[in-house]
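One structure below.
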Amino acid sequence: MNKDIYRKRLKSPLNKEVLAFFSSLKDDSWIAEEDIIGTEVHDIMLFEQGILNNKEIQQILISLEKLKKEYRENKLILNGAQEDIHPFIEQRIIEEIGIEIGGKIHTGRSRNDQVSVDLRLKIRKELNALTEALLILFETLFNLSSDSLDVIMPLYTHLQRAQLGSFSHYLNAYLEQILRNLRRIEELYHRINMNPLGSCAIGGTSIDIDRSKTTELLGFDSIIYNSIDAVSSKDFIFETLTSLSMIALDFSRIAEDLLLWSSKEFDYIEIDDQYCSVSSVMPQKKNPDTLELIRSGCAKILSNAFTSATIIKSVPTGYFRDFQDLKPILRDSFNLLLIIIKMLNGIFSTLVIKKANMRKAVEQGNILALDIAEYLVQHYSLPFRQAHEILARLSMNAEKNNTLIDKNALEAMILEVTKKKIQLPHDFETLFEDPVKCLENRISQGAPSKKEMKYNLKLIMTEKQDMVELFSKRKEKIEKAEALREARIREIINS
Amino acid sequence: MNKDIYRKRLKSPLNKEVLAFFSSLKDDSWIAEEDIIGTEVHDIMLFEQGILNNKEIQQILISLEKLKKEYRENKLILNGAQEDIHPFIEQRIIEEIGIEIGGKIHTGRSRNDQVSVDLRLKIRKELNALTEALLILFETLFNLSSDSLDVIMPLYTHLQRAQLGSFSHYLNAYLEQILRNLRRIEELYHRINMNPLGSCAIGGTSIDIDRSKTTELLGFDSIIYNSIDAVSSKDFIFETLTSLSMIALDFSRIAEDLLLWSSKEFDYIEIDDQYCSVSSVMPQKKNPDTLELIRSGCAKILSNAFTSATIIKSVPTGYFRDFQDLKPILRDSFNLLLIIIKMLNGIFSTLVIKKANMRKAVEQGNILALDIAEYLVQHYSLPFRQAHEILARLSMNAEKNNTLIDKNALEAMILEVTKKKIQLPHDFETLFEDPVKCLENRISQGAPSKKEMKYNLKLIMTEKQDMVELFSKRKEKIEKAEALREARIREIINS
Amino acid sequence: MNKDIYRKRLKSPLNKEVLAFFSSLKDDSWIAEEDIIGTEVHDIMLFEQGILNNKEIQQILISLEKLKKEYRENKLILNGAQEDIHPFIEQRIIEEIGIEIGGKIHTGRSRNDQVSVDLRLKIRKELNALTEALLILFETLFNLSSDSLDVIMPLYTHLQRAQLGSFSHYLNAYLEQILRNLRRIEELYHRINMNPLGSCAIGGTSIDIDRSKTTELLGFDSIIYNSIDAVSSKDFIFETLTSLSMIALDFSRIAEDLLLWSSKEFDYIEIDDQYCSVSSVMPQKKNPDTLELIRSGCAKILSNAFTSATIIKSVPTGYFRDFQDLKPILRDSFNLLLIIIKMLNGIFSTLVIKKANMRKAVEQGNILALDIAEYLVQHYSLPFRQAHEILARLSMNAEKNNTLIDKNALEAMILEVTKKKIQLPHDFETLFEDPVKCLENRISQGAPSKKEMKYNLKLIMTEKQDMVELFSKRKEKIEKAEALREARIREIINS
Amino acid sequence: MNKDIYRKRLKSPLNKEVLAFFSSLKDDSWIAEEDIIGTEVHDIMLFEQGILNNKEIQQILISLEKLKKEYRENKLILNGAQEDIHPFIEQRIIEEIGIEIGGKIHTGRSRNDQVSVDLRLKIRKELNALTEALLILFETLFNLSSDSLDVIMPLYTHLQRAQLGSFSHYLNAYLEQILRNLRRIEELYHRINMNPLGSCAIGGTSIDIDRSKTTELLGFDSIIYNSIDAVSSKDFIFETLTSLSMIALDFSRIAEDLLLWSSKEFDYIEIDDQYCSVSSVMPQKKNPDTLELIRSGCAKILSNAFTSATIIKSVPTGYFRDFQDLKPILRDSFNLLLIIIKMLNGIFSTLVIKKANMRKAVEQGNILALDIAEYLVQHYSLPFRQAHEILARLSMNAEKNNTLIDKNALEAMILEVTKKKIQLPHDFETLFEDPVKCLENRISQGAPSKKEMKYNLKLIMTEKQDMVELFSKRKEKIEKAEALREARIREIINS
């Protein structure tokens, strides 16, 4: 296979170095199966439209099925002088079954709509794989959260201890993020799952093709109608990469949480050894390298989205070779994100939670200051702004000792700020002794009281079930199309 | 107004320079109205929950309404020692109605949920403004396309003339892009239109607030339940900015089309003088500067999305001051995109289409080569790959003259390539004489034949009407909430 | 001033909205002074070349000097129908002194070379301001480091305690970074300080100008010779913005250090109140917001570089209106970086170092494990890899207690790992008792022993003095040119 | 090789999936040779310091030399359970020569300084390869320019024909850009060529190493003194990647020039077939795909710089695993840029210049309008602004015909605009007949008159020779160190 069959208009071939620069052949194994399937469906449609005859479609499908089998058994080696997978496959078919029949497989289509259909089939598949991986991580986090409702810890803002909360409450926030991402994938999916095939190079064809048939056989939701739009618009790639970036953005921040919490200074959690690395010299070191690589991996996923935008933005309407560089970007982002999800799932599955340290942190400092201020608001109708000042000044005065809960000091400060003499209950100090009890007063919807966290988990589960149902429909549609396709192929081959 | 009322815990004030670095007060005029409305609704809810009494809510609302009026009349000057709009407004209220009542307006909420509710209200508004602007541009392009069905021109790939097509066909591709963007906005909108209010700082509150009431009064679809998620997650900002970027990406490429077509070398269109600039020295120059600024403006919108991601990615879960920098980014991207849409609308409304030049380009060169190849496939059952070779070699042989349509040369080449002797019809050359007629043979769905372009326009219009209907529902919901809110305010004030 | 004097080739004016989109007039106050100076010098040159006569140059200079005075007194209001500063000033001059003379000021130049000379003059100035700010911060850090040689603390890798070190050692690393940045600015400066004036629109002029004269009068190092290169190449802007980004990258990481160290969990430092903010609700909070805004500010500076590249990359060779958008990006990045440096300088000047907490952290855990391993290597010729294993296994066995320095356990582990019986000295445990003493054994060049840190400071000071000297030469050259210029102006005006 | 020799502190190994995520081993073949050389030099130094004895160093060097030979013969297969190249090599050595000696090779260093020294050695090498490639392209462009001094063509701004110029003038602009890039590489090189070795993990070592010796043997210019700075600062990577980006930015714009010029509409050049591709369906197409891939490749190089910044920015001071992801980024950017330069060199070497078409473009339209305006300024002392108006209005009036050079019309317009009656010479119209002659009037320094272009080429050659000389010094220093090193190795091995 040393010539490119398309290259009839040019005098000289690509020289070797240029070919090395040009060719995406090796990268194209990522879409090889989709390319074969897309070709099969296109040619079945040509047959059903009377453009290929029975004998022709039979030979073509036998040859393509053989190729598909080779690919699935990892025996298809993509090398040669072709610039990409498309001439590679056409040439293979022609070599096998001759130009008279093999030369007909590309009738009424072009590389431009072909690569677009390949990518959409592949992205669809990857989005489903991603959905499954996210659902597994969801499960892990959901169970961990259900088991951690009693694990109190500080909630942080500005990297400073802010309010009393719980570990579950953090996990529930992560779960909500995953649900939003699943919803985004669901919406994106239906923009991806559309059929560009039949748009040909850019202006359609005079061959009497039927785009509805290929739409059905490939399990697409509908047709991308306008032929320019179908081959020129690459927003589907940028949108896919930004959706991955949104997930990456969430996961990078989760990794950051875990990194901080596993430092000696926080010491809230321990990452299992199998996700850690060591120093080549410092014997005592145990480094949470997986989390660091998740963080940088997320940066790469984000960058990939912007690389794609820079590439797409550089060109006017039309198809350009620049787009070739979008394929490995997509592949790398999907692969990286999938492994990151697996890593996170493993890390959370093996996480050691150091409850005692978390509780100690809650007991130090003045983390209940807002709860006390709200107590004053509720029991003595103090304006919140004054209650805030009272506690703020107490905090400033006595940063180190827990004097916030010193009844006398508090009464004195109330008097100073409000000019009102208020008498706190005798057992005032005991009211704030038990953080668990304090947390139960946090009654607002979505707060980390146990009741609210349980309800949050219920809401989360309901939303998840919705997502699972929608996901099932996506899979069913694909499976149905696949069954239809394979039946048709068998029928034709055996006819 | 020289002190920050929140700043009771710290000994020293911000020095002037630090304040200048810190303060987003001036930028916050972008969300001032939303901040006032959010406060009104929060306090009405506090009243309905029995946390504020009748007299208190009355005074608070009178004071806030006054502020809103000032803002709407452009009389509200945002300066002072406050770090942002939130203490500014609280302080104004306290100064007017005293600490006893004014000091209560912030009960049961925090700046963290407040700024989030402000931003969501504002983004919602901007997304609707954007939708309206896109619908106007849609109208312009739709009409222009309907009027240009006969304007034939080359379609380009790789900046080379590819296939015969039409100007309408390009415009229809633009229309499809706008529709996809409208759909994305619709989906994004419902993720934006959710209520974070009541999450307080990060861990909710022990005050007996009711988040469902504020949800109803603000016209939100639902509650962002988890309080950490509500104040920490900023994916809604990144998602908004990427959605704007997708639009920008499309528009940048459209600008590029127009720039090329208005060069002397293409000379297909003329941009109206009012969108052009001149040279300070070269007397003959007329430069399409608006299009260039659209191109760079789109780069800025894209970069803004990337900036927001870099900012958000840098922090663990929680609220951080870093997020303050997201506000002007959002504002700038919306403002810039809105003006860009207006510019494009103006440019297309005044565009001069040089049909003769477009037609001349179609007649030069070998743009019908594929049509001829397909003719051979259809009439003589030649394998497409051979038909392609035949025309490719003819193209190479005779790049300058239109010998593709030379009957004799074509027959000779058919013989050479296929070893088959084929006799073309006597009037063969006339079959490809009239490009308009040729185009009508392009019968595949979504091709630029007039019939297909008309059908494309019909599909486009149907989808547009769907979008308009969904958009109406969004607006209705907002208007209903506004009516409810204003009725409630009047009722309380007049009670 | 309602017409654009350049706009003679076009029939219609810019409409208001387009003008608002187009005009950079307000942004151009950033380069107004440079534009005036560039014009003065250009016209003096025209006079010296005999292209303007004595009377003409006199009137022109009087008028320009007046404008400069207005600008310096903040009285120059940039509004009107002009697209930018260049026609604004030309028009002002023409209105004042008439078209017969005023109409000559633009002879032999164009906006394209003019804006390039303005930007280079401005960047040069800003680079010098940046150098000065960095030198002030250098001073603060240098003094703090000199005073902190005894402040021991852990050095961190992977956010885990790695080796015993000192606070000074961190500061010295910061100082080294500043020096590298000063060196980069120095090198960049001389690529900036070149004269594009006289390249005209893109292809030079037939007017007999002398570019060497303007080079001398503007204090440029040399001429950018090729006229296309002079107006088309914008690498000087991208390079400037990447140089600022390198500084921002360093400072963002420094801010991250300080943020971590000022968390309750580390508690190594306290940021002065004047650089901190509070919560609107949580009374106890003191948030290091300045550092957070430095972090996000650095993200913006970085993004600006990327934005500029995206803008520049979009165009072929030539001048394009897209470049207009580079001006505010440059201005914002310089302004932001300068205030960030001031903030950092203020923060370090008022920093409270909590030595006791740092020392406590050093004494916990096994931070001396490597020092002990190296002791075994030095005193008993153990292969380092075995010494590492010995200490690693001890660390694992006894993570909580300091048994690393338990003589018996260590001897036992040596035996187990190496099969060698080694007897440690009786006082072995005391050898590692005093971390300060331990640190003095760290004798390698650049290690944090006091001797090495002192030498490091000496090297740093030497390099700094080199930089200061080079900086002085830059300033001298500018001052000399300014003196020459002003002398010439006075001479002409008074002639 | 199934265990990681460093991993003694942890109970469980990395599981397979984690290892796959973790390991950079395959990527590390990029720095394998540098790692071996760095290890040899470190160990020679240990020997010279008396830390290794004669027998030990001998065996170590024999073993390392063997490894180096394997690597150079492509026989070194990097697989195994190691996370990266460093334990891989140490383990190989230990397996070969035993733990007693092999276990000593890592004494007094760490992976952190080791990877930094590897990267600096590698970047240094790549910068030199880049310099050589740029010098070759320089040669091609220089010769092409020298041969094209007579090839007149329009110069473009805003994609509109601006001034008469020449093809050489464009090429000279490209040459100037290359020279600036060579200068930047030269400066960067000396910041790269510094020795971090001996900084150990982050805080140096108590082993009596000598960093000056390794500096000499590795041909470094000097030491990166501070040990934190040496392992934590990654500005050298970001700076390298931005320097590559600056080159990419220039080349992307050059590719854009060539793409435009090779469109049918411009038709100024023809790209050789061997750099072009075809369509799978459109027989007439010849697509300049190499240029498109250069454009997108340059986008990737640019993105890589910003990916690196995002990664580096995310971490505080210290070493982090995130940095591992910087290695493949560096490698990919260098590889891609080198092949891009080769492609450009090939394209320019085989470029067909269509002089006739260029000249035709010059003769159409009003490209001499500014020259005529300047003629009026020079010969009749018209204020330039009026001369500009005169020609602008003529351009507007008669866009299609060349009436600019219509003597009568011009005289009439002069009268109308200036109220002055000016009599143009009888042969006025002939003055602007010959564009070549017109161009010779463009006398300003750096303009495209032949005299000036020749002088430009002379300046360019002088600067190039400076760069070549500096480059030679860099290479000499490396060669000298290599000779020294190899002599020392042979001496020790043979002792």
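By letter and in written order, the chains are A, B, C and D; residue numbering begins at 1 in each of them.
By our rule, contacts are C-beta pairs under 8 Å (C-beta built on N, C-alpha and C of every residue); 3 or more make two chains touch, one makes a residue touch a chain.
On a predicted model such as this, the values are computed, not experimentally measured, just so you know.
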| item | value |
| --- | --- |
| Where subunit A and subunit C overlap in contact partners, by chain label | B, D |
| Which of C-D and B-C has more C-beta contact pairs | C-D |
| Whole-Å separation of chain centres (CA-atom averages), subunit C against subunit D | 23 |
| Distance from the mean Cα position of subunit C to that of subunit B, given in whole angstrom | 35 |
| In subunit D, residues with contacts to at least two other chains | 6, 8-11, 106, 157-159, 162-163, 200-201, 252, 260, 278-287, 289, 292, 299, 302, 306, 310, 313-315, 320-321, 370, 384, 388-389, 392, 395 |
| Complex contacts: residues of subunit C adjacent to subunit B | 4, 6-15, 17-18, 20-22, 83, 86-87, 90, 106, 109-111, 114, 200-201, 252, 272-287, 289-290, 292-293, 295-297, 299-300, 302-304, 306-307, 310-311, 314-315, 320-325, 339, 342-343, 346 |
| Subunit C residues within the subunit A interface of the complex | 157-163, 259-260, 263-266, 278-289, 292, 306, 310, 313-314, 361, 364-367, 369-370, 373, 384, 388-392, 394-395, 404 |
| In the complex with subunit C, residue positions of subunit D that touch it | 5-6, 8-11, 90, 94, 99-104, 106-108, 112, 155-159, 162-165, 169-170, 172-173, 176-177, 180, 183-184, 187, 191, 198-212, 223-233, 235, 238-239, 242, 245-246, 249-250, 252-254, 256-257, 260, 298-299, 302, 305-306, 309, 312-313, 315-321, 370-371, 374-375, 377-378, 383-386, 388-389, 392-393, 395-396, 441-449, 452, 456, 459 |
